[in-house]
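Next come two complexes, and both contain subunit A; in the first it sits with subunit B, in the second with subunit C.
Our next item is the complex of A and B:
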């Protein structure tokens, strides 16, 4: 029996009208009425400004918004292009909205985009968030150009972050992916991305796409799948990222579930690739990096420290099943340190992450519980990181992060051994 | 003193009924140069007797009017647009009697004849200018625009940017500057001088009296100059036009005036006045956008410009064209659009001239028969009277190495024989060399060969014109754009009275599907106009059509 199409007749009909495109921009939405019009306008101006001759379409997979988001997308318009760009668009700009089926969120939205890109023969695709407040037309060019003009397959964003912002990325995702997959990508889970048409087709056909990656996990999958698939990966400077919806510290558990869990799952799927990957390469970085002195993010370090100590104390029986005795003992020892002397050393942190990844792989305990257990340890690492870098300049912080990355890389055999250990 | 003489004694009266005064609205115009069409006396230059021999061909093509490029005495430094005698015939082309015979024979074939009225300027060899420059107090002095300095009318754009540095030229004889919007050898006449207006009316009267059906008035926007303005489209220019129109209507009510005003539609609109200026004006900005649309595979440029086009009085009409004797002008496009056109259609910089592209239709379409058909199909179905440029009906090529715009003015290719059947002269004597390359050369592209095939471009063009003339919806109907989601499909309804035609063009090189919202015509049966086949009746659901690459449909919508 033929597989039922996941694309609605109306969506297919709209794509038929769009026809072959050079650039396809994806804008998944769900109740983003208040912010989406500005995003659509910025994208359209970017397309007209930087790619006036290319055939472009904006595809808006919507999760069933109740607030009039798709109507806002369709109503977005630039009343007078000449006033904005001193020129008028040469071509028709298609904006297609369609509801994606099911409740799998980002995964289904991406599936629709991959299918649209494949069907329309898109040469380059870009993905943006509907709540971006800092999006400018230049972002579109920064993301699309490496694909369209330089033959890259995947473009990860580089945001300019405030000090102490993105600590999960800096302490876990970036160094782990760098050590394991061998690519130095600053933001492996950027909310924005660009990819080539051939990578979109690969994504669409890749069985692992059917995994249920929650939330931002789909972005982790895209990044690592592009790396593991041997595609040309690069990154592009975008500048500071400001979005209307911000995750609060209360969301940390969820974030670790989504991102950490997805990364560990991807490592399972792609283990043949990364376990044999040697070395680490710097990916090309495009665009202009602005020098902005942004205020540091305020984090309640003391509370993080206290939650770490409480977590280590309360979760000892769980951590015993996840961590090696030596690692657990070392963590136990640092948790007893006075707050002002508290340090979570780089090598210990790298080993901790590696043992969590391996235990996830071996299903040492329920995977959700495992990921929950990582949260207090991560809080300890963050608290330590802030304490260590409280008065440091950006360059000094970067130098220390480099040491952390080196530890991750140095300890990769430890990860591989733990990963491959028979249980 | 030289002035326009009395009209010739034997006027040629149109044999057709005193005619529909709006005949130009249904016209299909064929533009040709007597010099390029057929040479009867073997001197290497086309002439009126030669054209007369080919009049049956023109009639057979199905066009209803012939527009003759300048045939007046001239130094020919600008294709005859540098006139040195307004009421004479360049001896190379024949005599006034030859022209009179041509008019007679054309009218017998129901062909109207439109001639050039180059009133903005004369040749510097014209006796008027020679007199004017002879001394500052010559009675003709004020027939031209003079200045002691070259700083009057500062900022006025130079049209022939590739050759002219200023709109003023120094006259060493009268030691002053004279104004010219085109070449330096074409001094502008001074229309502030009533004598000049009267003289131009006499010129028109001369030819109208002989039987000429209409005048294509050259370079209209530039007739009058005023300080602090662009010296284009001035109210005083409109006064000149109204003056000539009033005189023409009074004495020759079925004759018409066609404006060459290369301007934006909103700026051309005043030249129709309240139906009391020009009967017809060329729609210059539409033409490049048709080329752009086919390259972009997007209807947007055409719809944009037509939506910017204001309504015109009921007795007026647009003149539309794909190519003509000039370069494909890109004055009325944005910088981005011009860059795009250059990159798409004139990568060879030799094809660029002034702000345009000096190429014929077939080379622009890369000799793609399907694109040639599509472009001609749009030309024949969009609002306006279509103008065909001689040779384009057989897909003639060009030679961009001949300088200026001569590359698109080479001899008509009648056959694969000696000099393409154009002339019995030695090939070296031809006014311009024939095209001889393997793709567009006369051995390959010629009338004789195409006449033999029902499927040649020539035969197809005849059918196209015939079908176009079968419905007044094309010539007089209003247009309503359909907006199917597929932007590669350009669809519209032409409608007048009870006649309705649906036109669907695929601008893409690939096959396309399109759903048309035709609910307004629910119950109608679309009948394909070339083959006469009925298509499924229109219902409530979107009407699905598929079109091959560059394919188009014309459907007569019938209520049966």
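Our next item is the complex of A and C:
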């Protein structure tokens, strides 16, 4: 009832007109006029092509766009392209745009979607970014089918990535979530996701949803909450992800603060689950994943290395409050190595992340400061990773990442012990 | 003659004994008030400390970093500090009452002056304390920001922020207790001006080559640098 009262009267009356649906697609927007029309078209073609018999609705929570985004969404719903499709929809496709209240961005948009899914009794919900350039109708099917046809509750995406792309995911998020939560989900912070109506209702009722997760932090929360809630998790291969806005290109420090902080906070909320979780579960992966060795991304490794050295040298007084003396000493020693011989070993990196997580939990210092102190160390790890894999093939890189994941898993008792330690 | 001396001595002794007889109960009363006050203050302190520990009062401040900041400022834990402050407030109140019980007008005036100064002193201590906390917090924030922005001399920036905040806090505290208001103001103005002039001269004359390089990098090659920075920042998520 409280959630219904949070929805505006206009939005509720639009939803009432829609009635019950089988598939609900969420498309949160904020000034995405240039790209959103193409995304909406791809979604509608996907729904018409793959789910002509299902009742579908597209919900567009908008953060107050000034560039005519919502008008573009409504305009894109005109079904002038249906003639080209082999199958015509047997039901009406509803498109509902509504402005979400508050200033919490993605959190409020998701809250609207969960509430809408609950009210419309949706069986499957999918979430897409409005700036996606690589979205095809097949993505919709890949995300929705595991929920609608195979009874899964949460579908995480798997993207085809270029070498050295997504290094924060590969070096921190994936191995940490895998070791702690016991699920091998490759993209725990995927901008796309699908979930069952049952899980949407759970998300809506979960108290931790009220946390103020910044930016993409809400996606970290969705993934970990589904795992901790015991829901059936799987992943679907989508292909290369190309977005119009390179959000992560803005500021590495902010990205680490948003995503790292959200993950540490989620671990705090869900500590009863993951501290007692044993083993690691392979989740089903849907779709065909070709082995492609795409060109590596250009990263200034030397600059990363120099910033790491400066950080270790200048931040000693901060790091000694976060890291154990042994870890700090080991980092100090590797920072003295010559650039071409520089290595940040896997086990030392896993310990570093674990100690940051537990220091965050114990509030060893101000939490924003703690996350900022992680950035130079992460730069060191990235520099070392690129140096090690400069000439390696995709398979070789994957094999080395597997070794890193094993170190994370092997050291999980170290994390639990540090986490539970009384200060 | 002898009788006169004896009579005068007897009168003097009588007067002294009368003064002593009049003052003794007051002194005794003062001693008893101060002693009882100490006992009451001690009991209040012990009870308060226990209650605060039972209520896990310190944990309220741990997440905010206050406990750590207190220890950095060489101060006890929040519960210990509050207990001690309450002890002194209670006992000083009894001491004042005891001194008043003596009935000496001059002493009463001094006590009144002291009492009127006490709140200012407490406020001054509070200002210094908040200044230390703020200096620690903002200097660390400046250090982290400078390191992550790849700025030259992050520690120098951090130290300057700390120094400036502490300087302002000390100036405010001294002004609060009325210690040389004019002197503090002038000294502060001179010091601040000297630092700024020093920096300007050092930057303009001593470091003119560095300044030129910095300005060139900032304006001429700024766009290229920013583009490069974005390139290496854009592949992590």
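Descriptive notes on the structure:
Note that in this section the second predicted complex is superposed on the first by the 404 of 423 C-alpha atoms of A that agree within 3 Å, B and C clash if a C-alpha of one lies under 4 Å from a C-alpha of the other, contacts with A are read in each partner's own complex, and residues count from 1 in each chain.
The rule we apply is simple: contacts are C-beta pairs under 8 Å (C-beta built on N, C-alpha and C of every residue); 3 or more make two chains touch, one makes a residue touch a chain.
All figures in this text were calculated on a predicted structure; none of them were measured in a lab.
When the two structures are aligned on the shared chain, A:19 is found in touch with subunit B, with no touch to subunit C.
Once chain A of one complex is fitted onto chain A of the other, the partner contacts of A:262 are absent, as it touches neither subunit B nor subunit C.
More residues of subunit A are touched by C (comparison of subunit B with subunit C). Within the superposed three-chain model, A:366 lies in touch with subunit C and out of touch with subunit B [touch as defined at top]. Of the two partner chains placed by the overlay, neither subunit B nor subunit C lies in contact with A:35.
On subunit A, the surface touched by subunit B in one complex and the surface touched by subunit C in the other have no residue in common. Subunit C contributes residues 62-65, 68, 137, 140-141, 143-148, 150, 154-155, 228, 230-237 to its touches with subunit A in the complex. Residues 13-14, 16-20, 52-53, 55, 87-92, 94 of subunit A are the ones that touch subunit B when the two sit in their complex. Listed in rising order, the residues of subunit A touching subunit C in the complex are 164-169, 189, 216, 246-253, 255, 259, 297-300, 303-304, 306-307, 310-311, 314-315, 318, 321, 363-366, 369, 372-373, 375-376, 382, 423.
Across the complex, subunit B meets subunit A through its residues 292, 296-301, 304, 334-337, 340, 484-488, 508, 510, 512-515.
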